[in-house]
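In the two complexes that follow, chain A is the common piece, with chain B as its partner first and chain C second.
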Partner chain A sequence: MTWLDDSALERLRHAASSPDLEGTRYRLIDKLGEGGMGGVFRVEDRVLEREVALKVIGVSDPDGVLAIRLLQEARVIAKLEHPGIVPVHDAGTLPDGRPYYTMKLVQGKRLDEHAKDVKGLSDKLRIFLRICDTVGFAHAHHVLHRDLTPANVMVGPFGEVLLMDWGLSKLLYGSAGRKVADRDGSNSGKFAGAPTTAHGSVLGTPGYMAPEQRRGECPVDQRADIFSLGAILEFLLNDASAVPRALDAIRRQAMAEDPSHRYQRVPDLASDVAHFLDGLAVSAYPEGPLARLWRWAGRNRAWIGLLLAYVITRVLLIFFRPH
Partner chain B sequence: MAYDSNMGDTGRFPRTRWSVIEGARSVHTEERQRALGVLVSAYWKPVYKYIRLRWNKENEDAQDLTQDFFARLLEKQLLDRFDPGRARLRTYLRVCIDGLVMNTDKSSQRLKRGGEVAFLALDFESAEGELSKTQVSPPGNPEEMFAHEFARSLFGLAVARLRRECEADGKGAHFRLLELYDIEEGGKELTYEQVAQRFGIKVTDVTNYLAFARREFRRIVLEELRTMTSSEDEFRREAQALLGVKLG
Partner chain C sequence: MNKALLGLILGVILGAFDGLSAWFYPEVRNQLLGIVIGSTVKGLIAGILIGFFARKVNSLPLGVVFGLGIGLLLAFAVAAMQPPGQHHYFEIMLPGGIVGTIIGYATQRFGRTPAPAR
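Our next item is the complex of A and B:
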């Protein structure tokens, strides 16, 4: 048997796990990370002379489920043309038989890392609204993400917010409004069931998964994504010294145990957050007259200041006017 | 026959799963022997090194314990008690080794070999040589150390099998390119032209041959690994641990 030292072992490990790009237009540069079903690599597109990201399934997929899921992911992303979704360039099969797709190489930080650098609450909420905008767009095209977490959101150097990893995404309806098959290849024909592996384990990220998704229940609909958005909001509010009541009410409504108690559509959730940012009333937080007055005062600080300054000046003029 | 390279080699494995667990539980002696052969070829060095390092045993004691361990595997039907739902095969074997060493320490006795299991022809000298060549720190995490040695053993078997298959198919140059780039790291300083000249092939064939050899190496590693695991789930987890890739 051939003796392998540690460095040879590492080189062989790398050789065995790296995508075989021989005969393709791509040249391997390095590995960017691991996704839910395989690796993501930085490669050079030798034809267009640019770097792109290549996603490929793991080295073994005997039942073909991962291959189906990867192709479906590429198709879902290709269908969703939106500034918050990374465009797909190409899809195919590598010489080693593994399916792949390439997409724009995103330079930036994952939200779970980026959030530490964002100090202001309003800046965090603006990022959150961008995420809502993308998820709302996907829902409008009948696509559920089903794995919304801060780790699946990238914030680019110019503030662009991109939603990544659509590997668990699911198409709710076909173009004619028909119910369609699961994106994970299970072809149940049911309405958007919880994503599972071939061995029946529920897929998703604990802590961000809606209770009904965690339990593997059907049906799972857009309200499962709304729960995850609530969990992302909670993550963004984690280091806030005091969370305003109205904002906490929004979070709680988004993360309600019972889907019927949540926001029913992403635009409703986004609208409440935008209202909060503008100092307007939010639907999730019924306020009393005093709270309403206080919010109104906060929203009209400048006018109230001017009015007060005017009143004080008039009073002073009355008292100190020379007789 | 030495258990260093050929034992357990079934040539090109069939697509259907055959695992050492099934083999070891077979009622047929031949099948059990074959399963043990596969297990021995992949595990004897990790077992020996683990006993030497984790239990700090002397050379001869470690040799005896290694022999005892594999004898017990078959004679005591240890693999019958393995439950894939509770642990990986690799973890189970390591726990069995720990139990064997502890019990032997208590009783200061060795198993009397006989029956189906003969004294195994294991090249302990080479294992000792490897130990001296490797910078092995005292194992802080025995599981990791055992897993690392298992990976070394499995990759070594895969390289040996790749060499045989390439030579049998008249593709010796393909294997030697993999050897040059991935085992000896000698290709780094050479241009493709120099490598092509050395191997007497076209420049364009250098990358083609290398890609082929790597692809075959990956296939063999996964086939060997599939044999060493008892379920699809365990296979996926082991592949992730071995190759650092998630298989879903």
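Our next item is the complex of A and C:
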């Protein structure tokens, strides 16, 4: 009997985890990443002669739950046409029986890596607003993301902000506008054959999950995503030397323990952040007259500077005029 | 309000206010009315010129520089018209330049730009 060395074992493991693309229009190039559900690979679409990303479930899926969830993810993304969501190109089944879908290949960095290169607070907040815009769009189409983390946000080379990994997404309402409720009342997914999220099961990323999501309470609603957005805001503010009070108040309201104390809609959160950026009052931070005056002065620095320059010049000319 | 009108109104107000500062100079206090009228007319001319410039050129730095230039130029003309030995170039041109800068800044930041002709 011959023993295999480590490198041979590694090659075998690699070959086993790589998707079998024989007979498809795709040619494997390399692996881009690995998630809880499966892997993402860079492949070449031989028909259209372009590189795309192919997502396929891991090899071990005996009950077929991951396969259905992957298809559900592809359908959610296909349903949401938005500049902040990677478009799905194709979905199908590989020769080995595993379902897959292909999407636009995004060149860029994950937000948790990209944030280190962003120096200005306002630039970070603009990225955050783009994330809010995408999440708000998904909510308007009754879709919850449920796994919003900096690792699931990609920032492209031209500043485009893309929300990735919709594997835990959930549909809030049916097409007739009725709340979709399944057997255990967890209203998870309306897709044909979609696996239901068992009551009490916990899906998401610790640190970014809303308390009610962490406790496995059902049903969670859009306010769970709002909590995660607050956690992303906190992450973006982490290396700020001093977080302005109004911005901290926005973060605290978004991350309130009780969902009824949070912003109730993503546009409300985005509006407060945009107001902060413009030097306007934010709903999360009631300010006194002095704070209001200080904020007004901050917004009108140039005006005040010019008028002060004029008054000071005049006063100096009067006091030091030649007699 | 369009930019030219904004420049005109600001020019008149700031020009009149600038002229009123002559009250602090006892030696010319008896000529206050004439100084205020002259300064108001100067502000009006500066405001119209800077306002029209803002309609044509949409740039805060250029607007500020143009305002400063017009303010200095008109103030220089006023100082040059004073009797010999009483030109007071520095005392007249410095505040004049700042007033022009304020109008240049305001007309770039505020006021409506007319829609392009079809």
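Criterion: the second predicted complex is superposed on the first by the 294 of 323 C-alpha atoms of A that agree within 3 Å, B and C clash if a C-alpha of one lies under 4 Å from a C-alpha of the other, contacts with A are read in each partner's own complex, and residues count from 1 in each chain.
The working rule: contacts are C-beta pairs under 8 Å (C-beta built on N, C-alpha and C of every residue); 3 or more make two chains touch, one makes a residue touch a chain.
Please read these numbers as outputs of a predicted model, since none were measured by experiment.
Because the two structures share chain A, they can be overlaid on it, and in that overlay chain B and chain C fit beside each other without clashing. More residues of chain A lie in contact with B than with the other chain of the pair chain B and chain C.
By the touch criterion defined above, A:M37 reaches chain B but does not reach chain C. Of the two partner chains placed around the shared chain by superposition, chain C is the only one that A:L307 touches, whereas chain B remains out of contact.
Of the two partner chains, neither chain B nor chain C is touched by A:N238.
After the chain A superposition, the centres of chain B and chain C are separated by 150° when viewed from the C-alpha centre of chain A, nearest 10.
Looking at the shared chain after the overlay, A:R321 reaches chain C, while chain B stays out of its contact range. Of the two partner chains placed by superposition, A:Q107 touches none, neither chain B nor chain C. Of the two partner chains placed by the overlay, neither chain B nor chain C lies in contact with A:T93.
Fitting both structures onto chain A leaves chain B and chain C with a minimum C-alpha separation of 56 Å. For chain B in complex with chain A, the touching residues are 4-5, 126, 129-130, 133-135, 151-153, 155-157, 159-160, 163, 178, 181-185, 207-208, 211, 214-215, 217-218, 221-222, 232-233, 235-236, 239-240, 242-248. Considering their complex, residues 1-9, 11-13, 15-18, 20, 22-23, 34-39, 57-63, 65-66, 69, 95-96, 197-199 of chain A touch chain B. Within the complex formed with chain C, the chain A residues making contact are 302-303, 306-307, 309-310, 313-314, 317-318, 321.
By the touch criterion stated above, chain C contacts chain A in their complex at residues 21, 24-25, 91, 94-95, 98-99, 101-102, 105-106.
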